Amino acid sequence: MKLFKNKILIEYFEDKLAAAGLIVFLILAIFAIAPSLFSYQNPYDLMQLYLENSFQAPNANFWLGTDEQGRDIFSAIMYGLRVSLYVGFASTILSVIIGFTLGLISGYYGGWIDTIIMRIADIQLSFPAILIALIIMALWGAGVGKIIIAITIVNWVYYARTARGVVLSEKEKDYAQSAKALGMSNFSIIFKEIMPNTTAPIIVIATVRIAVAIILEATLSFLGLGVPITEPSLGSLISNGYQVLFSGYWWTSVFPGIVLMILIISINLIGDRTRDIMNPRLKR
Amino acid sequence: MKKIIMGLATVALLCSVGNAKTLKVGLASGALSMDPYAHNETATNSILSNIFDALISFDKDINTHPGLAVSWTNPEPTVWIMNLRKGVKFHNGSDFNADDVVFSFNRVKTWNKSGFKGKVSAIDSVEKIDDYTVKFITKKPYPVFLRKLTYVNILDKETLEGKSDQWIGLNPIGTGPYKLTSWSKGDHIKMDANKDYWRGVAKFDKVLFRPLTNNATRVAAILSNEVDIINRVPVVDVNRVKNNDKLNFFVQPGLRLIYLQMDQDRDKSPYIKSHDGKNPLKDVRVRKAIYYGINEDAIVKYVMKGFAKPAAQLSPSAVFGYDPSIKRPSYNPKKAKALLAEAGYPNGFEIQLDSPNNRYINDAQIAQAVASSLAKIGIKVKVNATPKSTFFKETGKLNTSFFLIGWASSDGDASSILDGCVHTYDAETGYGRYNRGRYSNPKVDALIEESAGIMDPKKRLEVLRAAQKLAIVDDQNFIPLHYQVDIYASSKDIQFETRVDSRIWAYDIK
Amino acid sequence: MTKYILNRLFHSALVMFTISFIVFFIMFKAGDPVELMLPPDATQQDVVDMRAALGLDKSFIVQYQKFLVNVSKGNLGNSFIYGQPALDIVFERMPATMELAVIAMFISVLVGIPLGIISSIKPNSILSRIIMFFSLAGISVPVFWTGMILVLIFSVILGVLPSSGRGEVYLFTSAFTWDGIKHLIMPVATLAVFQLALILRLTRTGMMEVLMQDYIKLAAAKGVPRKVIVYYHALKNTLIPLITIIGIQFGQLVAFTIVTETIFAWPGTGKLIIDSIQNLDRPIVVAYLLVISFIFVAINFVVDVLYTFVDPRVRV
């Protein structure tokens, strides 16, 4: 296994652009994990906010300017990154666990379980993701936990379908058949034998869906239906700034927007490269 | 050659005079229906005021004037005889007479979807005396009778009798200065001048109202000359408008008070965490501490960019009931902390402030600024800003301890806020429907009820002021923040004057 | 074959029914708009009366039953706010949204497929790498950000394009008037960027996979001209899954018009739905969702059936 991993990493780094993407992402992740180390103030601690600092353009005190309540935009971006990444990853992990499990069970056991789960998936897929999430959030109210759940509800389907597809083809193969003949329990077969073969396709899908999850959260927050104002993500920062963008206070919206773009581009670069490496049909 | 040029110039001049001039107005929100009784809200009322007339009209300072009623008498305290204007025709040629008045008032009182029942609740009956005379009987002597009449637009009985609600909602037939020619919800409202209008034809042949709900869009529209007037200029864009030499900008003190309500009723309030487990808001000293502890001047300066008037009482100066002797004390965090300590909360407490985020000008931002202020005196505030649908639903269920809300005294009389928000809640009579902190002081209730029947304005003013003083100065039942200010921008090519009631009446614009 | 079609039809109907139930239920839970609609001086009795007038005082089952009965007659109820039939209001605004979606999709396909082909033939050339980078940026930027930046540059700074609204309409669409086109450029660009990038990448990957196949190598060895290989053999096999994806993506596109319409104050259904959700105007929300799901279900149905004709491996 170790040798296997190294080989992938080496091949990954052959592409300079993807390497850059990985490094940028790691930097952003560090900012997100410990924003207090890098920011000037905790913009969500009301004791540190002073209205007198409202709407200052980028200057020596506030490198990227301040918003209406006197919040330092640089600090707000650090904390916002945390929320954006937290929501994106948490919802992806949840979607993977739920979708994966349901897909595996559905594919392996077949029958009416399969029918029900796939019917639900079909119904959901006939519907654009953003609409589902929008309605859920509009009526449930803003909240970090709520939006994680909403995005999970939207995304599990993709993982389920993939897992199911793989299981369907794998369960007929020799190794699975022989495990069954040897008397292994179904549970063990699914999770010990078949699952390792599904990780590759899941990773491929996940790399696409993480970026989608982050964009979905940003879009919902932009519409005011995502995270609450007391815990803003990059999307809500952009939204707040948008109100005053054309009035001349461009820094409140443009800087968070640039950071969001860089974040997603880096994730996509990583994802692209990983997919190219793992796609057997592109092997030269 | 000269003759030809002169000739052409004259023709051009004649053409421009006879040209259909269109007034284009960019609005913060559009009309919800063309049925004047369906929605009692400012934007719809404003647009429909161009199509309909009422018996009494408000001028721009909300003083009453004859409208479709030319004169009236008040022979007994509860009887009003209105003499109607003769020779007025509806847009479809139908005559205006007493039948229409009776029809209109009956509909506004009894139609199950009427949004104006509250305005006419004091009217007991409406009777036709002859074709141009109508008798109103009120349940009790009603000093604000004439003001309430301004809200009932007169409909044409002949045309509307028997028509469905849906039809009425799409086909407004009024007596007003403009007729509706086209309505695309959320996109545009087009009107043509009524050539037979009883006040004389309007200056503009056509009016185009465009709902431009997005603030930036609306400002962009006036800056690029796509419209001639906009209302609700966002405070952050005032400088751009001011610096544009093709535009005038207007600041009109409005009628809407933005204030905070507090739960003064429950011993355990759902969103408060205090060291002794009790509800600190029940103690007047805590309420006063909050009042002294909010830096309203900073809020006005930084959040409203100077475009709000700090408030110390319930009624702005244009409203009957205003008391010039009540002044707002300066921001005093030291005094606030001392009061909190006196009341037993030297380290403050935790509380949640609920606020809408899409109802009032900069509502969520004001709430955050309030929270920021209170943090400095030890009260840890968590702001919960939600869309108005959620906000009104939750606060309506009293699922709140502390919230930001607004009230517009659009009648121009203090009775509206006193009846609706200050009086003890009484489900039967409808008093205190918006008193969601459940403030209750029987002395104040007595004064409010007394004032409802006093016909002498001087005496009534005294009683209204006494009620207000008890409630807000002695009891600090609310925390007043500021009065909203309406900001308009208009092209220098037109003559526009703003109105206290936030309406845009195209007839007055030249 | 008929059995398959009937099966899909039944499936589609089931989807529609389930969606209507879920949406109705959610909106029912969200509460009624009476509180929002009535002015502050209304009494408690007025609230009760209005609720009864709108039929909101009955239980969920009764209300849903009434709804189903009405639907069978083609009536989706009257908007609580506007008082007009909800379906009419949704249809009134549909053309504006469809206009954006169709034109954006058209442009995405027209530009995305050729660019995808170009970048797949010589994947490591400079041109390809540039195209790939821009396509990556395209799918990384949220729709609202694209819109914002476009307005900032072209309306605020340069002042050459109008920042909002729809232009003059002629024959149901605003694409035939110059004023209309000026208003269309930015919203369409906003929508198209993401789609274009996506289609480009899918075409590229699809083409690259196909070009690796043995039968392509065989054709090249046999001396079939390059152009024929690429544009005929490879493209044909890439197009099939691509068309499926485009069909599904159209649905996404319509959903993203919600964001675009908000930014550009475009009078379509997207803006209507946001406002209606805010105002708790249930009939419009339900009507809109039913119409949208009908469109998707119809597209899925058509694609499913077409697939059986087009791809010989999929036999019913």
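Worth pointing out:
Note that the chains take the letters A, B and C in the order they are written out, and that residue 1 is the start of every chain.
By definition in this document, a residue touches a chain if its C-beta (ideal position, glycine included) is under 8 Å from a C-beta of that chain, and two chains touch if they have at least 3 such contacts.
None of these values were measured; they are calculated from a predicted model.
Minimum number of contact steps separating subunit A from subunit B: 1. Note: the chain lying farthest from subunit C is B, by mean C-alpha position. Distances from each chain's CA mean to the overall CA mean are smallest for chain C.
Inter-chain centre distance (subunit A to subunit B, centres taken as mean C-alpha positions): 45 Å.
Centroids of subunit B and subunit C (each the mean of its C-alpha atoms) stand 39 Å apart.
Rounded to a whole number, the gap between the C-alpha centres of subunit A and subunit C is 22 angstrom. Among all residues of subunit A, those that touch two or more other chains are 138, 242, 245-246. For subunit B, the set of residues that touch two or more other chains comprises 216, 220, 358, 387. For subunit C, the set of residues touching two or more other chains reads 30, 156, 163, 262, 278. Contact residues of subunit A toward subunit B in the complex are 46-47, 49-52, 54-55, 68-70, 138, 141-142, 224, 228-230, 242-249.
Residues of subunit C that touch subunit B in their complex: 30-31, 33, 35-46, 49-50, 52-54, 78, 81-85, 89, 92-93, 155-156, 159, 162-166, 262-265, 267, 271-272, 275, 278-280. Within the complex formed with subunit A, the residues of subunit B that make contact are 215-216, 219-220, 234, 236-237, 239-240, 295, 298-299, 301-303, 357-358, 364-365, 368-369, 371-372, 375-376, 380-387, 390.
On the subunit C side of its complex with subunit A, the touching residues are 11, 14-15, 18-19, 23, 26-27, 29-30, 133, 136-137, 139-145, 148-149, 151-152, 156, 163, 208-209, 212, 248, 251-252, 254-256, 258-259, 262, 274, 277-278, 285, 289, 292-293, 296-297, 300. The touching residues of subunit A, counted against subunit C in their complex, run 17, 119, 122-123, 125-131, 134-136, 138-139, 211, 215, 218-219, 222-223, 235, 238, 242, 245-246, 250, 253, 257, 260-261, 264-265, 267-269, 272, 281-282.
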